[in-house]
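Listed below are the structures to be examined.
Each of the next two complexes has chain A plus one other chain: chain B in the first, chain C in the second.
Let's look at the complex of A and B:
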């Protein structure tokens, strides 16, 4: 029933025509697809930011920030469709999203860059997004995997692994992080015995695993989305006895991995890095408290990044003084970076007053400092997750 | 040699069984109703989700509740046929194709709406190979899947050759006008076709769910290999579909075997292209398929 009501409410919302006093921002996310479970908390983070903004004076002259949700399915084609929908039909002035690197690459290259619409992704991490020729329109609050791949390689080395097999799903995110991981692991002196791409969404990976296990690797570094091929590969590897230990990145960070494989099979055998917020950071604590009060878990991957991406777009609209895509794009680095008075999650009223007074602001987000560099990227912070005695993920922040 | 059997051939046969069961339905609807049913994959997904609910409700093994799911899915499919396809019976095939495409999207959305988009499982945990059969690594599920497929195919064979309705189905598939002239009630044949196609699709989906996991796109992802299998075997030929399914399943797995040297013959990243390649090659050189099906 709850689904029904939400769906009816969403439908009613979508049917409302654009009217005065309303500024539309696209919220493009992989609501369905291989990481559906991960996306729900991210969207909740975005919605929380919009709620904070609308409850504390709204945008500009009291305009309401409306997030228009579109499903990018974690797929490049669907990303283009979702981008087209929000840009051409819904006439948004900026976009939060898309969720996956492939969907984001598709959306920005085919739709938003040509249309001149700025986008801030909260979970696209592929290094390739850094190098896009984007007219300074593409930003992200999710750090590039150039950092995560290095962090995971270092962890593998410190855990005592010297020989690893690597496999990655055939998409932008997984190919990107695998490349960085391999380069870093070999840089540390490790040996990659096999490095093989695989096609996601197949029923069996026994053949691939057999080829991978040939070189005497101590563990498998697996770069995949859990719902695409990750879970099947771990299951097949355990069943065939080819690998017992696994390392993975945030595309695999979901409880369904534990639920489907069984905690007893994974305890001590699986290490997953994830882009995380420093729990001792004031900004994070402010966000975590507000997010928890909506009944959600603030530790959910990229939920804080979703909040930050939305909040930043709102700040940029305020700074630009108009709902104009070009001005918003130019204002984004101004509100995210120093110098300026520090603004933390939830402090919308303060930010609005400062901007109205012509003072500079510097948003310090829940996910980190969110200082954009020239490519629109932010520095990364990571945690490593293992499975504890209760069969839950246990997080350790990497400093 | 053992590695070839355990990690390439057996998974290939299991995959082939799943494709084969799904392809029978596609081949029959193509042969009898004269259109390519895009909604077939999502019919499969629907059946799997019904099975999932029955498993959660009863706590029984998925294969035990699957027959009930087949009946329920058949009922739904017959209702859909009445509502969506019947008005188009005399229309050009393209209208039916488009209708099935729309239905595909609708079925999937309904599934996502009621069951959610999360990953689910018919069975959790991992299955080690059966001790008794080592060094041949057969897991219990794989034996069940292959065994159940053989039983289902024998049942299909008996229905098609020994029953009146089965003979009517084959006659309609071979020549619909002649079949109608001889007094065969085409509406009954059509209902039987839907029932058989949907039931086998549910079985295929449940087997896939047992081997991997349950998600809302699972049937759609199988659509291409199932079409390839139906075309390879010959449109309208259920036995052809079985052969085609097995060939494509095994070919996909064996394409990654290190036939020459020690690296996979074809990078596993392109495994999905094997079904495509076989389909295209068949359409160019032997469009009637292995079992001399209808040519379009």
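Let's look at the complex of A and C:
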């Protein structure tokens, strides 16, 4: 019995995390589960920010920023469990994440809001997060879907489309964008001739396309993941001659769309919006260069948002002057919004010096200006991608 | 000090999730453990309970059905009742199927239920799910709200445990065992096998619905992903088989133990460098499979094996002289 107690005490000591000289921040991501392959680059973005901070003086009095990874599996059950672990066992002062809107919704409502821990999600896009009663603790650097749907609707209207057919994959992300798109397009005066949901991962979508092509639409607005159903739908639509022109959101942004359909079929016929950073923006260039040097593709969805979320939390800790969750939550909008001297990705030393001198800072991130509104949301920035003469994506930033 | 307080809160979260899973496992124990009904559609009944709880208690919201704002206990009863009704409907159709066919039928039904919830967006907000679900005791200050919720979950587990123990040792439970072991013999003894199987299925389904109602409150958010078969059906089976099928204590132990393994292993792996931490997330899923394999190979009866109830004292008294005379007459 005595041995048992000794062993248990030793184990408890070994697991005691709060080491001197380190400040823990939770890094909650859907490492396993349906979006696993999208999450790896996002986590790499978060880690890059932590590496920048630690290499340039660290937090406060030279403390190390430690990101503690936990798996939210894109499932509210796992999100709540991951939140409980990082908040209670690891005693983090803030959280980057979670991935996926459902897991984020569960984690913040069940764990972090009651515990008073601020969280900044880099990939939860559901409009329902805006509506939460969150005591100003929930932020996100990923824009709400509401914005991308609106941006694409405006683009369609400006491109001269008046009658569109809409189909969307039955998952939370694509359904959300489609809903906003339809509302905005109709608000502009356009007509949606058919609006149909489809289940992803079917071998053929000819039946759906036949239904959609009935109303004489000029193009098909397609909200799907390229691997799930998007490519098959475009192929079936071209084969049957039902549609020749397509509009899509960022779930379709991948070179395999060009490779499998053929650039000659898509040139001038496909527009894809993507949550994007302005490539002429210095902030984005700074991030892209650093991210590329780690062997990753800076165009990966939400990688820049992951970097920004982590960097913002670090700035807030510095601004708060202590690893105290309540002060960090209050400092987050201060360091993200104007007024203040502009800080860009990687400029940790400069920011640290300014904050130490009592000056205001305003972080201009890789993903955009990251100015939080009252609900903790950021405005969306988008690009439109078309296929150029060389058969590659050509990006135009939407202003 | 704060660190130990944190461990304590984490322990409470393990007990809460373990307790909710124990409700599911006890429900499955009635079906599979007692009666031998291979219900592979736990996720479906769980989802019915979770959505009923969510829809009946949430305030009005434009994106889904709601605004009824029922008191929480009433909604939990409704969740149980509706799960029981769905269970009755399913049982009416497929209860006569033998073990593996019942499994095929129920797994299909669970998927149908999940897809209905995913597609009937006007009622359930589709894949986006329902958020801001009221939770019992959430208005109390920290940590009393957490403590009260854990206490409620554990009290519910205790009540179910006592009721099922009573049922197990009662003649009802013995008929269930007889059906599980030899259906033809039970029928020959004059038992209405089909009706008993139906009762067992409905009771189990109601408990699964209650598990769903508790989960909806605890998470405060449900979407179709919550009733994913991996964590809502197969994990429950693993828990029951590991703990000890047909043993109610085993069902509770299995739920607590497997949830702790599922959750707490990450605390160790999160200390690894990121590259390994990401991989180890998959190793944890593999680990659950490995534990199941090991238990099935080495200890197929589970950690706490089934213990048959002792015969009623009166019966024992009758039998003793019979054994003395060496007669087999009863």
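To be clear about the criterion, the second predicted complex is superposed on the first by the 259 of 399 C-alpha atoms of A that agree within 3 Å, B and C clash if a C-alpha of one lies under 4 Å from a C-alpha of the other, contacts with A are read in each partner's own complex, and residues count from 1 in each chain.
Basically, contacts are C-beta pairs under 8 Å (C-beta built on N, C-alpha and C of every residue); 3 or more make two chains touch, one makes a residue touch a chain.
The shown structure was predicted, so the numbers you read here are calculated from the model rather than taken from an experiment.
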With both complexes overlaid on chain A, does A:102 touch chain B (first), chain C (second), both or neither?
second
Touching partner for A:197 - first (chain B), second (chain C), both, neither:
both
Touch check for A:85: first (chain B), second (chain C), both, or neither?
second
Just to be sure I read the superposition right, which of the two partners does A:170 touch: chain B = first, chain C = second, or both, or neither?
both
A:68 contacts which: chain B (first), chain C (second), both, neither?
second
Could you look at A:128 and tell me whether it touches chain B, chain C, both or neither (first, second, both, neither)?
second
Considering only the touch criterion stated at the top, classify A:76 as touching first (chain B), second (chain C), both, or neither.
second
Which holds for A:31: it touches chain B only (first), chain C only (second), both, or neither?
both
Common interface positions of chain A, toward chain B and toward chain C
31-32, 34, 170, 197
Provide the residue numbers of chain B that touch chain A in the complex, in ascending order.
3, 6-8, 10-11, 14-15, 18, 112-114, 116-119, 121, 124-129, 137, 139, 208, 211-213, 215-217, 221, 252-253, 256-258, 262-264, 267-272
Residue numbers on chain A that touch chain C, as the complex places them:
12, 15-18, 31-32, 34, 40, 43, 47, 68-71, 74-78, 80-82, 84-85, 87-91, 101-102, 105-106, 109-110, 114-115, 126, 128, 131-133, 170-172, 175-176, 197
Taking the touch rule as given, give the residues of chain A at its contact with chain B in the complex, in rising order.
3, 7, 31-34, 36-37, 170, 196-199, 201-211, 214, 226-227, 231-232, 235, 238-240, 254, 256, 259-262, 265
In their complex, what parts of chain C are in touch with chain A?
2-3, 6-7, 9-10, 13, 17, 63, 118-119, 121, 125-129, 131-132, 135, 138, 142, 145-146, 215, 218-223, 225-226, 228, 231, 263, 266-267, 270, 274, 277-278, 281-282, 284-285
